[in-house]
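The structure appears below as C-alpha cells.
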Amino acid sequence: AEKIIVFAAASMKTALDAANAVYVRKSGHQVTASYAASSALAKQIEAGAPADVFISADLDWMDYLAKKNLIKPDSRKNLLGNRIVLVAPKDKAKPVDIKAGFDLSALVGDGKLAMGAVNSVPAGKYGKAALEKLGAWSAVAPKVAGAENVRAALLLVSRGEAPYGIVYQTDAAADPDVSIVGTFPPDSHPAIIYPVAQVADARSAAASDYLKFLSSDEASGFFTAQGFSILK
Amino acid sequence: MTFAVEIRHSQGDFRIEADFASEGGVTALFGRSGSGKTSVLRIVGGLVRPDHGRILVGDQVLLDTSKGICLPPHRRGLGYVFQEPRLFPHLSVRQNLNYGQWFARSRSSFADPDRIIGMLGLEALLPRRPGSLSGGEKQRVAIGRALLASPRILLMDEPLSALDEARKAEILPYIERLRDDLNLPILYVSHSVGEVARLADRVVAMADGRVTGIGNASEILGIQTIATGRESGSVLEGLVRLQDEDPDLAAIALRGCRLLVPRGDLHEGQKLRVHIPAREVLLATSKPQGISALNVLKGEIRAMTGSDGGAVDIALLCGEEVLRARITGLSAKRMDLMVGQSIHAIIKTVALDPPGRAR
Amino acid sequence: MELPSLSEEEWTAIRLSLKVASVAVLASLPLGVLVAYLLARKRFWGHALLNGIVHLPLILPPVVTGYLLLIAFGRRGFIGSFLESTFGLILSFRWTGAALACAVMGFPLMVRSIRLSIEAVDLKLEEAARTLGASPVMVFLTVTLPLMLPGVIAGLVLAFAKAMGEFGATITFVSNIPGETQTLSAAIYTFTQVPGGDAGALRLTVISIIISMAALLLSEALARRVGNRIEAE
Amino acid sequence: MELPSLSEEEWTAIRLSLKVASVAVLASLPLGVLVAYLLARKRFWGHALLNGIVHLPLILPPVVTGYLLLIAFGRRGFIGSFLESTFGLILSFRWTGAALACAVMGFPLMVRSIRLSIEAVDLKLEEAARTLGASPVMVFLTVTLPLMLPGVIAGLVLAFAKAMGEFGATITFVSNIPGETQTLSAAIYTFTQVPGGDAGALRLTVISIIISMAALLLSEALARRVGNRIEAE
Amino acid sequence: MTFAVEIRHSQGDFRIEADFASEGGVTALFGRSGSGKTSVLRIVGGLVRPDHGRILVGDQVLLDTSKGICLPPHRRGLGYVFQEPRLFPHLSVRQNLNYGQWFARSRSSFADPDRIIGMLGLEALLPRRPGSLSGGEKQRVAIGRALLASPRILLMDEPLSALDEARKAEILPYIERLRDDLNLPILYVSHSVGEVARLADRVVAMADGRVTGIGNASEILGIQTIATGRESGSVLEGLVRLQDEDPDLAAIALRGCRLLVPRGDLHEGQKLRVHIPAREVLLATSKPQGISALNVLKGEIRAMTGSDGGAVDIALLCGEEVLRARITGLSAKRMDLMVGQSIHAIIKTVALDPPGRAR
C-alpha cells in the first residue's frame, strides 16, 4: 500500500477527514493529512516538505507554487467552491437584502464588522471585494475587525462581540449561535475556489489516484455536506 | 528595668529549657559553643516563637504563649546585634546605620549618630557599601545600627568577638553607660570572661540548652570553673574614694578593706565593680615590704580546694569580702597553708580591668 | 541597515505595540510581584492551583487563551460585562484588550523570574530588618524588594519581549484593527499570509527586533547598576 | 470530569507531545546552562549579541520563528542540508524538528531562569571551594550547579510548559503531520479551525493542562526538596 | 618551610604594601580592624591577584607578577579558614569536611578525619546541614574542612574568635603540632595577644595596609604597646628541665635564669617559649619571703619609661634575658626605682599560659 501525504487548508479538516477515511478503506492506501494555513503549507512545500498533494484555500498560494514549478501543472484542478455570507447572532438576526448600495455601515452601527483580515485571510479578501463592488466598503471600512481566520471572525459574532460578520457559508452553517442573514451574490467577488494539485516531486505513486477520488461523487458528498460546492 | 524569661522549646533534636530573671542591667548568657545562647536570644527577639514561653521586660509582656500573646519583633523595641553582621548589602553604611531610625517612634538621647559613629570609628566608611568592608568593620556597623535604633532592650550576640583590644576598650565603657545611665536591659552573649565579668550584673550559665547556674558575676564566674577555665576569680563592688596621695589612683572602699585602682575618670562616691582573676592574686605569709603591688590585703583562709593541673583554689575573707586566689600546689605545700590561717593577699593594681561603674 | 520608509499604518502599529507592551508589562507588575511573593513565601491552600493558573497561558495554545479571554472579558463575557457596567472599561476591540492579552501571555514569565529572585533573598536580612523596627510591609519595601530587583527586571524584560512577539491570543481576543489593536507582530503575521509579503514582514521584524534589543540593553544596564550596588556581600 | 474516549490519532498526539517536549527540554538544557553561565558570569565581546539572540524567539511572532527555522533547518536550508549530509540528521517534517522548534521557543525562558539562579549563587562559596582544591570545572559541578538547581528546575518547567503550548513555530516549521509532527497543541489548533471542533479542542486542552500540571507539581516537589536541603544558611 | 611575601595592591582607596618573610612555622598577622590582614591572606590564597607581587613558599613560586606567574587557588595546596564560615549549604557537615579530600592529590598524615572530628567535637553534627548549626559549630566545621584538605600552607583568619576558652584550649595544641611536627607554614590572623604569643614564630604588625613591624613574638608584642594595649610583655625561650621536687612543675632554663611552669606534658630537654605579660610581673626591692609565687628572679633595671595611665614600663635584665614589667607610677615613686638598681621580679607560675613548644 502506498502512503499519501496531503497538505490541506485547515478549514477543510472535517470534510477531508471523512472523505479520506473512505478512500483508505477502499484503496488500502494510507492517507495522512496535515492541516495548516495555506501560506505555511505552501512555504513548506517550497522548502521540500514530503507532501504529495496540496489543497489550498485560495488561488494565490497555488499560483505561488505553480510559478516556482513546485506542482504538476496538469494535475491542477479547481476542486471546491464556497460562498461568503453575512451572519448575525441568532437572537438578533434579521434578513438583510445584500445588493448594490445596501447600507451595511448603518446596520453595523457603532459595533464592528467581523471578517477575516482583509489583506491576508482569503475570506477577508473576498469580503472586501464584494463590499467594494456593492459600494458599501468605504463607509464600513473603519468598522472592520480583521480576524486571523474565519473561525475567529465567526466566534466574534457568535459571542455577540460583533453584530455582523462575513464568513464562509461552510463555517456559518455549522454554528448554532449565528444565523445567515444574507448571502453575497456570486458575481460580487472573485470566485471562491479551493484548488488542488499534485506536488512536483511527489513520492507517492498513488497521488494521482487520490486526486481522482477527490473529484469523485463519493468524495463530493462529504464536501457538499459541509456546504462546499463542487466545481467541475 | 526588670527582665524575666521562661522558655521551653524544641528545634530538631535540641531542646531548650531556660528560666531566668534579672533585676535589670546586663544579663550575660555564658556557655560553650552550641549550648543554646543564640537560640535564647532569637526567642527573646521574637524571631522564633517557642513552644511554650513567657517573656517580660519591665511590666510589658513580650510573649506569653499560654495567653496567645506574641509581640512581633518590630514591636519589641529591640536592638539586636547578631552573631554575624547581617548588613543590608543594597544600602550604604550610612543608610544601614540609619535604618532603625526610619521606624523608631522616638529617638533616645543615647542614639546620637555622631557620637556612636565616632566611637565605632565609622566616619570614613559612611558612603561605602558593606560588601567590601573588613570583618571588624562590618561588626562595628552592626553594633552602630542596633544602637541607633533607640532600643528599649539590647540583645548582643558576641558583639566584640571580631574586634581588636583597643577597639573593645573604647566600646565597653559605652555599653556600661547604656546599662547604668539609661537603665537599658541588655542580654549579652560572650565567650570572654573578662567582658562578662566587667559588664554583667547577672550571669546565666548555659549548657545543652539548660540553665546550669544563675547568679551575680562573682558567684558564677568564681564557681563555674568548668565554664570559665583559668579565668575564675572574684567580682567585688564598692564606693570610689579619691586619693590625695596620688592623683593617678583611686581607692575602692569595700566591706572591711579597700583596693587601689587606676583613677581613670572615676569620681568620688561612685559605685563600682572590679574583677580580680584568681590567678592574679599572690599570697604571702608575712606582709611583704618594698613591693610594686599597691594592694596588700590582710585576710584569713576560709576554704582550700585542690584543682586540676596541681593548682589550689583558695577563698580568703578580707574584711567581709571573699577573695579567690589560685596558686600552685607546690607553693601551698611550701607555705604550709591551712584553713583558718591568717595571710596577705597581694594584688597588682594595674592587673585590674579598668572597672565599670555599677548601677 | 537602511530602513525603507514605513507607511503611516506601520508607524501606527509600532507606536501601538510600544504602548501595548509597556502598559501590559507595567500594569501587570504589581500583581506579578504579589503572586510571586505568595508562591515563594506562603504555604496556603490553593498554592498549587494558583501556580497552575499562572502557568496556563504558557501551556495553552495562544489561540485557546485568546478564546478564553474573549469568553471572559468580551462584552458579553462575565468579567467583561461587569467591568463595562461598573467601571465603563471596555476591553474588546480596544488596545486595552490587546494589552490584557499581552499581559496574560507574559504573566507566567514575569512571575517565575520574580519568584526565583524572592527565593534567593536572604531571610536573615529580613529578620535583621524586623528587629530594627520595620513592619512586614516595610521589610518588604526596604529590604526584600530592592534585593529582588534583578528578578523584577528580568521579569519585565521577558514579559516585554513576549508582548512584542505575541499575537495569537491578541488577534483572537481583540482582532486586528489598524490603529486600535493591530500590533507590530499582528502586522508581521498579516504580511506572512500573502504571497510576496516577505519583504514587508522582514522590514517590520527588523523594527521589532530593534525595539526589543533596545529594551534588552536598557534592562541589562539597569540590572548591572542594581547588581553593582549589591555585589559581593 | 470524565474524558470521552480518545481517538487513536489523539493518543498519538499526546505521546508525541510528551516526547517532543521532553526531548526539547532535556536536549536544550546543557546549552541553556552554558549560555546562562556565560551571560551571568562572563563579560566578553558579543555578550549583548548573544543575549539578544537568546531572546529572539520571544520577540518574534512564532510564525516568523517557524519560517526562519524552515529556511535554516529545512532540507534545502544551509544548516539543514549540512546536518543531513554530515550526520544524516533530518529535522524537517520530523518530530525531531518539532522538538527543535519547541526547544528554540522555550530557550529564552530556560536561560533567564538559570541565569537568575547563577547570579544568586554566593561567590564566596566558590572561592572557598577553590581554596579546597577544586578546579573551576569542579567548583561549577560541586558548588555552583547544586546551588542553582532551583533555577534549573524553574527553567525546565517553563520550557516544558511552553513546549506543550507552542504550535505557531512548530506548525510553520514542520507542518502538522499526524504521528510525526502533530503535537497536542497543533491538534487543538486544527480543531479550532473547523466548525464544530470546539468539543474536540476542549477535550485535548484538558489533557494538555493535566499533563502540564503534573509536570508543574513534580517540579515544585523537586524544588522544595532541593530548597529544603539548602535552606537557611 | 620558608615563606616570602611581597605585595603591592590597591583596592578602592585602600592600598596594601606588605613585604615579609618567615623561616617557617606560624607567621601571625597582627593589627587593628581594617588594617589589611584579610586582604593579605586573600592575595596569598590566590583569590585576589595583586597589582604587583611575589609569593614564595619553600622554593615554589605561587605568584610572580613580573614573570606573569599566578598559580590558581586550587593549585596552591591551601587550607584556608575564612573569617566567616563559608560552609556549603547543600552539603552535610560530613560532606563539607570531606570536600577538600575529593581533590587532594595525597592525604597528609595529620588529616585524619576521626582525630580532627573528635578534637573539634563534631561527631554529633556530621549528618546535619550547616544551616542550623550554631556560630561556633560552623566555625569548627570550617576549621576541620581546611585541615582535612591536607594543605601545604594554612591560612587562618581569626579561626578561634567564636569559640569558648575550653574549645580553644583543645585546638591550639593541635595547631602547634601542625607547626612543629609537620613543618606546615601557617599564616595566622588573630586579635588575641595570647594566641599570637603562644603560636607565632614571627609576628607581622600591620596598620593601614602597611607593615609596621616584623619580628619574633617577643619583639613585636613587647614593643607594640599601641597595637597590644595592656597586653605588652616578654616572650622568652629556653629548654625544659624536669623537677624532682614537684612532679607538677617543670623548669625552663633561660639564659642566666630559670622559670618554673606547670609541667603539663612537657618533657626533658624540650625547647619552649613562654609569654609573660608585663602587668603580671611584680617587683620587690628585697627578696620576698613566704610568698606563693614560685618565680622570684633577681635582676637589674635597664630602662624605665612612663606610660599612659600613670603606669611605668620597666625593662629588667635577669641573667641575659630581658623581662618587661609594668607597675603604677605610685609604686615606682614609693619604691624609689632607678635605672641600674638591682631588683627582684616576682612572677606567679600559674599566670603563665601553658606554653607552646618551639621548633
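Letters A, B, C, D and E mark the chains as written, and numbering starts fresh at 1 in each.
One rule holds in what follows: contacts are C-beta pairs under 8 Å (C-beta built on N, C-alpha and C of every residue); 3 or more make two chains touch, one makes a residue touch a chain.
As the structure is a computational prediction, the values presented were derived from the model and not from experiment.
Novice: Give me the fewest steps it takes to get from subunit A to subunit D if each step has to go to a chain it touches.
Specialist: So the least number of steps between the two chains is 1.
Novice: State which chains count as neighbours of subunit A and simultaneously of subunit C.
Specialist: D
Novice: Which chains, taken as a pair, are joined by the highest number of C-beta contacts?
Specialist: B-E
Novice: Of the other chains, whose C-alpha centre is the longest way from the centre of subunit C?
Specialist: E
Novice: What is the chain whose Cα centre is as far as it gets from that of subunit D?
Specialist: Centre of mass proxy via C-alpha means gives B as farthest from subunit D.
Novice: CA centre of subunit C versus CA centre of subunit D: separation in Å?
Specialist: Measuring from centre to centre gives 20 Å for this pair.
Novice: Could you put a whole-Å number on the gap between the CA centroids of subunit D and subunit E?
Specialist: 57
Novice: Let me have the rounded angstrom distance from the C-alpha centre of subunit B over to the C-alpha centre of subunit D, please.
Specialist: 60
Novice: Touching two or more other chains, which residues of subunit E qualify?
Specialist: In subunit E, the residues touching two or more other chains are 84, 132.
Novice: Going by the touch rule set out above, which residues of subunit A reach two or more other chains?
Specialist: Residues of subunit A never touch two or more of the other chains.
Novice: Two or more other chains touching the same residue: where does that happen in subunit D?
Specialist: Those would be 63, 67, 189, 192, 232.
Novice: What chain pairs are in touch here?
Specialist: Touching chain pairs, listed by label, come out as A-C, A-D, B-C, B-E, C-D, D-E.
Novice: Write out the stretch or stretches of subunit D touching subunit C in their complex.
Specialist: 48, 51-52, 55-64, 67, 108-109, 112-113, 115-117, 119-120, 123, 150-151, 154, 157-158, 161-162, 164-168, 185, 188-189, 192, 201, 205, 208-209, 212-213, 216-217, 220, 227, 232
Novice: Which bits of subunit D are touching subunit E when the two form their complex?
Specialist: For subunit D paired with subunit E, touching residues are 124-125, 127-136, 138-139, 142-143, 146-147, 229-233.
Novice: Spell out the part of subunit A that touches subunit D in their complex, as residue ranges.
Specialist: It comes out as residues 5, 7, 10-14, 32-36, 40-41, 43-44, 47-51, 149, 151, 170-171, 173-175, 226.
Novice: Where on subunit E is subunit D touching in the complex?
Specialist: My answer: residues 45-47, 72-74, 76-80, 82, 84, 86-90, 99-100, 102-104, 129-132, 145-146, 149, 155.
Novice: Give the list of subunit E residues in touch with subunit B in this complex.
Specialist: 11-12, 31-34, 38-39, 83-84, 128, 132-137, 139-140, 157-158, 161-167, 169, 191, 193, 226-231, 245-246, 248-249, 260, 262-264, 279-280, 282-286, 288-294, 309-311, 325-333, 335, 346, 348-351
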